[in-house]
Structures are given as C-alpha cells and as structure tokens.
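What follows is a pair of complexes built around chain A, which joins chain B in one and chain C in the other.
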Partner chain A sequence: MLKILKYSFYDLIRSRWTYIYCGFYLLFTLSLLWLSSDLSKVVISLMNVVLLLCPLIATMFGVMYYYNSREFTELLLAQPIRRTSIFFGQYLGVAGSLSASWLIGTGIPFILYGVFGSAQAGNFFTLMLVGVALSFIFSGLAFLIALNNENRIKGFGLAILVWLFFAVIYDGLLLLSLAWFSEYPLEKFSLTASMLNPIDLSRILILLKLDISALMGFTGAVFRKFLGTGFGMSVSLIVLTLWIILPTLGIRRVSLRKDF
Partner chain B sequence: MLHPHIIKTLTATAFLMMAVALQGRVIEVCPECPVSSISEAIELAQPCDTVLVKKGTYSEGNILIGKDLTLFGEGNPILDGGGNSEILTIHSQFFHIEGFTIQNIGTSYTQDRAGIRMKESQNFTIKNNRLLDAFFAIYLEKSKDGVVENNFVLGQAENEAGSGNAIHLWYCENIIVKDNHLAGHRDGIYLEFVDNSRVTGNIAENNLRYGLHFMFSNDNFYHHNTFRNNGAGVAVMYSRRIDMFQNVFEKNWGAASYGLLLKEIHDSRIEQNSFLENTVGIFTETSNRLTYVRNTFAHNGWAMKISGGCQQNVLTQNNFMSNSFDLAVQIAGMDNNYDGNFWSDYSGYDLDRDGVGDVPHRPMKLFSYIVTRTPESIVLMRSLFVDILNFSEKVSPIFTPENVVDHAPKMKQTSGIAQGAETPGPKIDPAAKPGHSLTQNALTIK
Partner chain C sequence: MITIHHLQKSFGKNHVLKGVDLAFDKPGITAVLGPNGSGKTTLIKSILGMVLPDDGNIEVAGKSVRNRWEYRKQIAYLPQIARFPDNLTVKELLSMIKDLRGKAASDQHLIDLFELTPFLGSRLSNLSGGTRQKVNLVLTFMYDCPIIILDEPTAGLDPISMVRLKELIENQRAAGKTILVTTHVMSLVEELAEEVVYLLEGKIHFRGSLKVLKETYGESSVERAIASLLEQQKNTPAFSSNGQPAFVTA
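Presenting the complex of A and B:
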C-alpha cells in the first residue's frame, strides 16, 4: 500500500494541477495578508474560501484521478496485491497531495507573517486542520462515488451534486426547517443537523473561536453549554474524524466486492 | 459654623482643608494612645475637629457619627465589622473621611449594611479608602453635595440576591463619583432617584449584575469610565437627559449580556464611547430622541439591537467595525436616522471622492432578521447559503425594514476612540464635555 501511495502521491505532485492549486492558495493568502492588517479577518476570509474550495477541488480531483488512472488500476489488479491496498493507496495519495498543497499554500505565508507569536495561532491551526479534514472527507466521498459508477459522466455529475448538496442545499433545507418549526425548541436539532454536514461542522469549529460573542448571545442553555465549553470542541472533532472514517470504510467495502 | 451660602460656593475639599486649618484641633486615636477607640474620640470631638486614626485594627461594631468632622486614617488603619455589622453611619452637614480600610461587613438579608453610610448629609468627601468584603460598600441616602473619590472596593459577591452594591446612591443630588475601582459586587455603581450628578473615571469590573445602574435619575452624566466583564454591562433605565461620553464598554459576554442597556431613556446623548467585544453593544428599548455620535463598535456579536418603540433617534458618525451583526431592528416603522456612519462591510464606492459613499448602505442584513426571529438559525452563520440570501436581499429588500438605511455612508472611519479609565485614575479633560450643559453649582473638583 505504501508503494502505491508513494506512486500516486509523486504522480500527483508532478501534476500541473497540483501546482496551480497550491499556487492559488499561496497567492490568495499572500494578497490577503498584504491587504489586511487584521489576522482574524484574514482567517475569516480564508475560512469562506476553504469551506467552498477544498471540498469542491477534492471532489473533482478524486473523481478525475480515479477515472484517469483506471487502466493503471486494472494493471495493478492483475498483480498479487490486495485490493484495499490499491484503492487506499490511491485515495491517500490524492488526499495527501491536496492537503500538502493546502498546507504549503496557506501555511507558508502565515508563518512568514509570524502567526506563531500572535493571538491568532489557535485559529490558524483550526483553519489548517479543517482544510486537511475537508480534503480527506471529500476525496474519500469522490472515490466512493467513482467506484460505484462506471459511467464517467454520471460519476462527475453525482460528485458535483454531492458537493452542491453539502455546500449550499443542506443549509437551505436546514434554514427552512428551522423557520418552519420555529415554535418548537430547536437547539438540539439545529446542533445535530449541522454536525451531520462536514462543511457546517468545519464552519462551526472555526466560528467557535472567532464569533463566539454572537454565538453566546442566547438564552438557550443547550447552546451555551455546547458552544461555550471544550465539550463542543471535542464532539466536533470526533464527528469530523467519523466523517473521514466512514467514506474510507465505504471504499473498503465496495473495492472488496466490486467485479472489475 | 459658616453660613450655608458660603459652603455652597466653595468646593468641598478646599472647604474642608480650610476648616481644618481654621480649627486645628486634632484628636489622635491609636491602640496605645489615651484615646484608644474611634467612638470615644468622636464623643470628645467638637464640630470641625479632626480625628486622626493611627495604624491598627479597630473592631468597634457600628460607629455612629452625628458631628461635622474630619476622619483621617494614617498608615491605613483597619475598621473591622467582624462579619455582622455596619461600620460607619454618618449624619453630618460637613464631613471628610480618608485613608481607611473597612472590611468584613457580612451579608444580611434583613438590613442593608454598609461600610460607609451617609444619611441625610451634605458637603462630604469619601476619599482614598479601601472597602473589602463589604455587603454594601458606600451607601449614600438622601444626601447631597458630596464627592466619592479614589476608593478601592472589592467584594466577594456570589449571587445577586445575597450581595449589595459597591456604591449605592438613593435620593441624592449633586454627587460626584470619581476614579473609583469597583469589583466583585452586585452593581458597581447604583443610582436611584439621583439628579445632577457625575460619574467619572471609574473602573467597574467583574460585578455580578451591572457595572453601572441608573434608575429614575435625571440630568446626570457619566464619562471616561471603563465597564469590563460585568454580568450584564451598564443599564440606564427610566431616566432623562443623561450624557454618556468617552466610556469604554468591553467584554460583557453572556447569554443576556450587553455593553449598554437603554430602557425608557429620553433626550440623552451617547458620544464617543467604545463598545468592544460585547455580546450586544447597545440594546435599546422604548428610548426616544437619543443621539449616538462618534461611538465605535468593534468585534461585538451585535453592535446595536433596537427593540420596539424607539423613535427619533439619530445615529451618526459612528464606526461599526467587524461586528458579527451591525444592526438588528426588531420592528419596522420607527423613524430613526442612520445617516453618515462608517460600516466596515460597506461595499459601495465613492466616485466623486467626497468621502461619502454613493450607494446607500443597508446595515440590517436578512440573516440578522432571521436570527432575531429564529435564534437557533445562528448555527448557519457565515455559510454560503446565508451569504447568497444576504446578497439577494441587499439587491432587493423584502424582509428587512425599508427605512433602516444609511443614505450617506462614510468611506473612512471617524477618528478618536474612547480610552475609558485606566488604572490608576484617568486624566480628565474638562474641555471634553459635549452636549447640553449641566447645572454646575456647588461642586467642582480641582
């Protein structure tokens, strides 16, 4: 598995798209830091980008890589290598290279700016963590979709739909249901519902650190208990880890059963 | 005795010094002296004498003073209440107390025990004292023309019902509360039926309820104070003609917490204050004809929440910077004016370069409206969907009140952020007094 991981990783690292992806983050972060003197504002702007872009690129990249390397995969399948090693190797290669692009692209400007000495160091780490987690989650989902669909067009379509669902539609539905049932106590529901979407979850993880003053403005004891303490943080982190593990398990299941 | 008219024209402090100089009789009290208790010294004293208390601990229970005296502590003498007694109860036409540590008053649910109580008194100064573990620390009732200056008050209040206020004023007039540091009580400063008074340069922090609390008190002004990390900030209620300027309201966080609560306040001015990192910067309800000028709101959850019944208020030249929500107006159809402020999230342009944006700004976002109606939807803050919603609402407003709009948003922020009070005491600039003038009689502090 390690060999395949290494191969996929180096293959992607040499790819033009990885450079573009990394370069984009590098430029974007640099210009943000250049233009704004307020580190927390930069973190917020980057948050908006990472919540949108990381999942999108991870989904697209994952699907693309799977379909493109299909012939190579078939070749590997003929060899005495375990199936799970092949697919995990490829999946981790994609997720790893995307995470590396993200970490290098945003990390370097921040470190040059001197984030470690500032009060924003914690927020910076959360942001980095969220970017990596989202890359892993969504490339995992992408692999799962691609494995389940032989038809490329269908696979791409489905992948985009999944991204759109988590990024926009889910929030719309949530808001609608909140407005609809506004006469009922909704605190637990709204918290649980946002836990179930990795993008919302990542957003809340960052907001917990940044906009806590607004989030605290509630009479609801559930919110205060959850958002105001380390408990909320740890639950968020656990659920985020679950979101990484579940697609991985899915990949394992499908790859073991699939008839190539 | 000097004639009351003369008293009126002189400052209390200057007058005191003069009186001491004129009379000159000093009664010394110390544990080893011929006069070893304060009560005894007061018994002996003639009007206008000075009782000089030397270093030591005095546990004499409740000391009643009905004479015009100067009570001066040398080397920080300690008056101990033993946990079950009020300490100084003063009824005097002319009084000065300075340099004591007053401690251990003890909680009572039946009487309002105080460290220093001025009862129906006039012309007094309470200065440079330390009040520790007091129930009520300084309690002024039906008194006038007094100064409470540079006292350090630290309580250990645990719940609102079983704690008193650091400085409590009830039916008073013409009082100056200046440069005090107040912490760990229910309210930092409490004023009820207090007129023509001034609260300045104080720091009120870590109090359970409010840093400053006004009730039914007219024609007062407070400025250069810092209110930090109190249970619910500052509350000004049922009063008229209050001037608030150059105060700092910061870090008042919590479920029902705000920097400044205004309820039924009319004809007042709020100028050059800073509201930093509060859950709600200003919460205002049924308050009319207020002017908010040159205030700075930064990093608050809500900069301002305007509830029902607020008419003819003017907001201008304020800075709204990096607040999660700038404005939440709960009811449409109020005729407040929001023109000429700086909004950090204003996205318009200024083609003619006159410093005023060419496109009107709508400070109330759709999401702010949604959160007001369904508080739980806060979990969606800053999500892409919400941004899309806000954008479409901005293009064509449907839900948000139509008249909540800044027709002339400023491109640059107004300079001059309030500094509030620093430890130790602040520099007070007498020239910085804006707004209508208060009747300036009797007391001025040099």
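Presenting the complex of A and C:
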C-alpha cells in the first residue's frame, strides 16, 4: 500500500492544481495576517473559508483522481497487489496531498508570524487539524461515490451534491426545523444534528477552542452547555474521527465487491 | 495449474457465464475462442480476480483465488485494451511496475525485440495503438511466470511485430508454460495452439485439440470448422436437456 500511496502522492503533487490550491492558501493567509494583527481574528476568517473550501476541493479532487486513475487502477488490479492496498493507497494519496497543501499553505505564514510563541498556538493547531480532517472526510466520501458510479458525470454530480448538502442545505434545514418546533426543547436534537454534519462539527470544535460565545451559534452554545468545553471538544474530535473511518470502511467494502 | 469449476457470472440481467468448467493442467497453448461478447475476457478477468464470480470456484496451483492476491505472481497477463496512465512516459511506467512487483524483470531484450528504445521517453498518451500494444507486451513478458494469459495480443500489431510475438509465445511454450490466448486471428490459432476452447452462450461449447475440432466438423481449417460449428449451432440447440455441452471431447 505504501508504494501505491507514494505513486499517487507524487502524481498529485506534480499536478498544477495542487500548486494552485496551496498557493491560494498561502496568499490568502499572508494577506489576512498582513491586514490584521489579531491572530484570533485571522483564525476565524480562515475558519469561515476553510469550512467551505476544504470540503469542496477535497470532493472535487477525490472524484477526479478516482476517474482519472482508472487506467492505472486496472493495471494495478492485475498485479500481485491486494485490492484494498490499491484503493487505500490512492485515497490516502489524495487526502495526504490535499492535507499537505493546506498545512503548507496556511502553516508557513503563521509560523513565520511567530504563532508558536503566542497565545494563539492552540487555536492555530485546532484549525490545522480541522482542515486535515475535512480533507480526509470529503475526499473519502468523494472516492466512495466515484467507486459506486461508473458514470463520471453522475459521480461528479452526486459528490458535489453531497458537499452542497453538508455545506449549505443542512444548516438551512436545521434552522427551519428549529424554527418550526421552537416550542419544544431542541437541545438534544440539535446536538445530534450537528454531529451528523462534519462541517458543523468542525465549526463547533474551533469555536469551543476559541471560546467566543458570540460566534458560537445555537448548536455551539448547546454543545458547551451540555458537554462543557473540554468534553465537548473531545466528543467532536471523536465524532470527526468516526467521520473519517466511515467512508474508509465504505471504500473497503465496495472495492472488495466491484468488477473491473 | 488452473481449475475452473462451475463459474457463473452476470452483469445485471446479462448472464455472461452460465456454469463454465475448465481445467488447464498441462503446459502448452490453449486458444480460447468465441464470438464477440461471449465472455472470453470475463472468464480471463475472473481468473485474475478482477471480475468476481457470482458462483463457482477458481483454483490456481491448487488454491482458491477468492480474496487472494499472491497467486497473481504466477500469472503474466496481457489485457485486451492497453490502457495506461496518460501522464507517464514508457520508461516511468516500466520502472513503476518493476518497483511494484519487486522481482527482477528482464525487459531490455523485449524493448529491443519490439524496437521501443526511441519511445522510452515518450508519454503513453502520445503513442499509437500499435506501439501501446508493444509496451503492453513488454509489461506482460518481462516477468518469468508459469502461467501466461493473453487477451487479443495481436490487436494493432504490424506484421513484423506479429512474427516476433509468435516467436515469443513459441519460446514460452518451449519453456513449459501454461498459456491461454484469446484471438480472432485464426491463423494464429492454427500455428500456435494445441487446444481450442470454444465459448458460446455462456458455456463451453467445444473443447479439444485442433485435429479433433477439424475432424468433428469435417473441415480442413480451424476457420471453416468454427464456421460450421456456428452454422450447426443455429440449426440445432447446442445443449441437451441435462445441460451438458453437445460436443466436448477430451
């Protein structure tokens, strides 16, 4: 698997899109740091971008990489290599190169700025972690969708729909249902609902770490009230990890049953 | 070396293999023939574990292949459609496969044989169909495997390469390999194969030596024998009520 991972990773880091993606984060973070000297504000601005962009790019890279490496995959399947090694290797290659772009693109400016000596080191670390987790989760979901759909256009469409659902539609639905059932106690409901969306969960994790009540929103406040800051963060970390494991198990299951 | 027992495979409603029983235990060349879409490639991909059977069992060297991968070390496989990662050069592709398979490969004499040296630095996406097929052949033959499976090896080859390919296959036979070939080129069958397996409507319709094939149908060439096989098939149902193939000879 490590060899497949190596080839997929090299293949991707040679790609122009990886540089563009990394370059975007680099420029964006640099300009944020240049515009504002308040590191926690920069973290929040970055968070708002990353919660949408990381999942979107991971989704697109995941689907594209699967379909573009179909030939490579078929070649590998005839070799004495375990099936799961091929697909896990490719998935980890995508998720790894996306994470590397993110870590390098945002990490370097922050480190140059001296984040490690500052009080914001923990917040910065949480932000980095969330970006990596989202890259893994959404490229995994995208890989799974592509694996399930021979038709590229359908696979691509479905994957984007999943992103749209978690990034935009989900919150709308949640708000609607909260308004609709406002006379009932909804804490448990919204607690569960936010765990079922990795993007919401990531937002809550960062906001709990930043500990800014004004930005926390209803679900974040519920998290803090019910679970406390420390426990709430642990719970969201664990559930985020589950969100990484689930698509991985799906990839394993589908790849072991598919004809090529 | 290879035993196939009651292999069944459907793609959706398309019942491609309807209980195939086959054994390849002697060294030598077997031609797997059949009309387009009769399931030759599906049969081969099942042996390689790329297509997963719905029912039945495949054994290579005495072990079931289901969920296994090590047995593929013993198989050299030439896929029907030569598809490669487009952004790699021929050289990169070769070294990648060598790196992945790990074992020492002998590719240089094959590169010389098919005159591929000028193309080593070219990207695979820029190669002509014939040249891609030659690269495909190098990848297949660079490992010394006891089983060789070739799915339409002649596709797109020029006459010179065709002759070299035949020599290559002959040498492998002489080295005691078990070789399966699918092809539509009957002259290749006539020249190389000891045995013919004819797949029709998801079953083995005929299995036997070239001589028996010709005698059974009273024809002088494989091409004609296959033609009359198909002719007879049209007129009479090939399978008796107990589901046995009509003309299986050892």
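Structure notes:
Rule of thumb we're sticking to: the second predicted complex is superposed on the first by the 243 of 260 C-alpha atoms of A that agree within 3 Å, B and C clash if a C-alpha of one lies under 4 Å from a C-alpha of the other, contacts with A are read in each partner's own complex, and residues count from 1 in each chain.
Following the convention adopted for this analysis, a residue touches a chain if its C-beta (ideal position, glycine included) is under 8 Å from a C-beta of that chain, and two chains touch if they have at least 3 such contacts.
Note that the coordinates shown come from a computational prediction; the quantities given were computed from them, not determined experimentally.
Contacts of A:Arg203 after superposition: chain B is touched, whereas chain C is not reached. Between chain B and chain C, the partner in contact with more residues of chain A is B. Looking at the shared chain after the overlay, A:Leu175 reaches chain B, while chain C stays out of its contact range.
In the superposition on chain A, contact is made by A:Tyr7 with chain C only, not with chain B.
Of the two partner chains, chain C is the only one touched by A:Ser69; chain B is not. The intersection of chain A residues touching chain B with those touching chain C, taken from the two complexes, is empty.
Interface residues of chain A, counted against chain C in their complex, comprise 3-4, 7, 11, 69-72, 74-83, 256-260. Interface of chain C with chain A (complex): residues 11, 45, 48-52, 67, 69-73, 77, 79, 83-87, 96-97, 99-101.
Those residues of chain B lying in contact with chain A across their complex are 253-257, 277-280, 299-302, 322, 324-325, 370, 373-389. Of all residues in chain A, those touching chain B in their complex are 38, 40-41, 44, 47-48, 51-52, 167-169, 171-172, 174-175, 178-179, 182, 186-187, 189-191, 193-194, 199-200, 203-204, 207, 211-220, 223-224.
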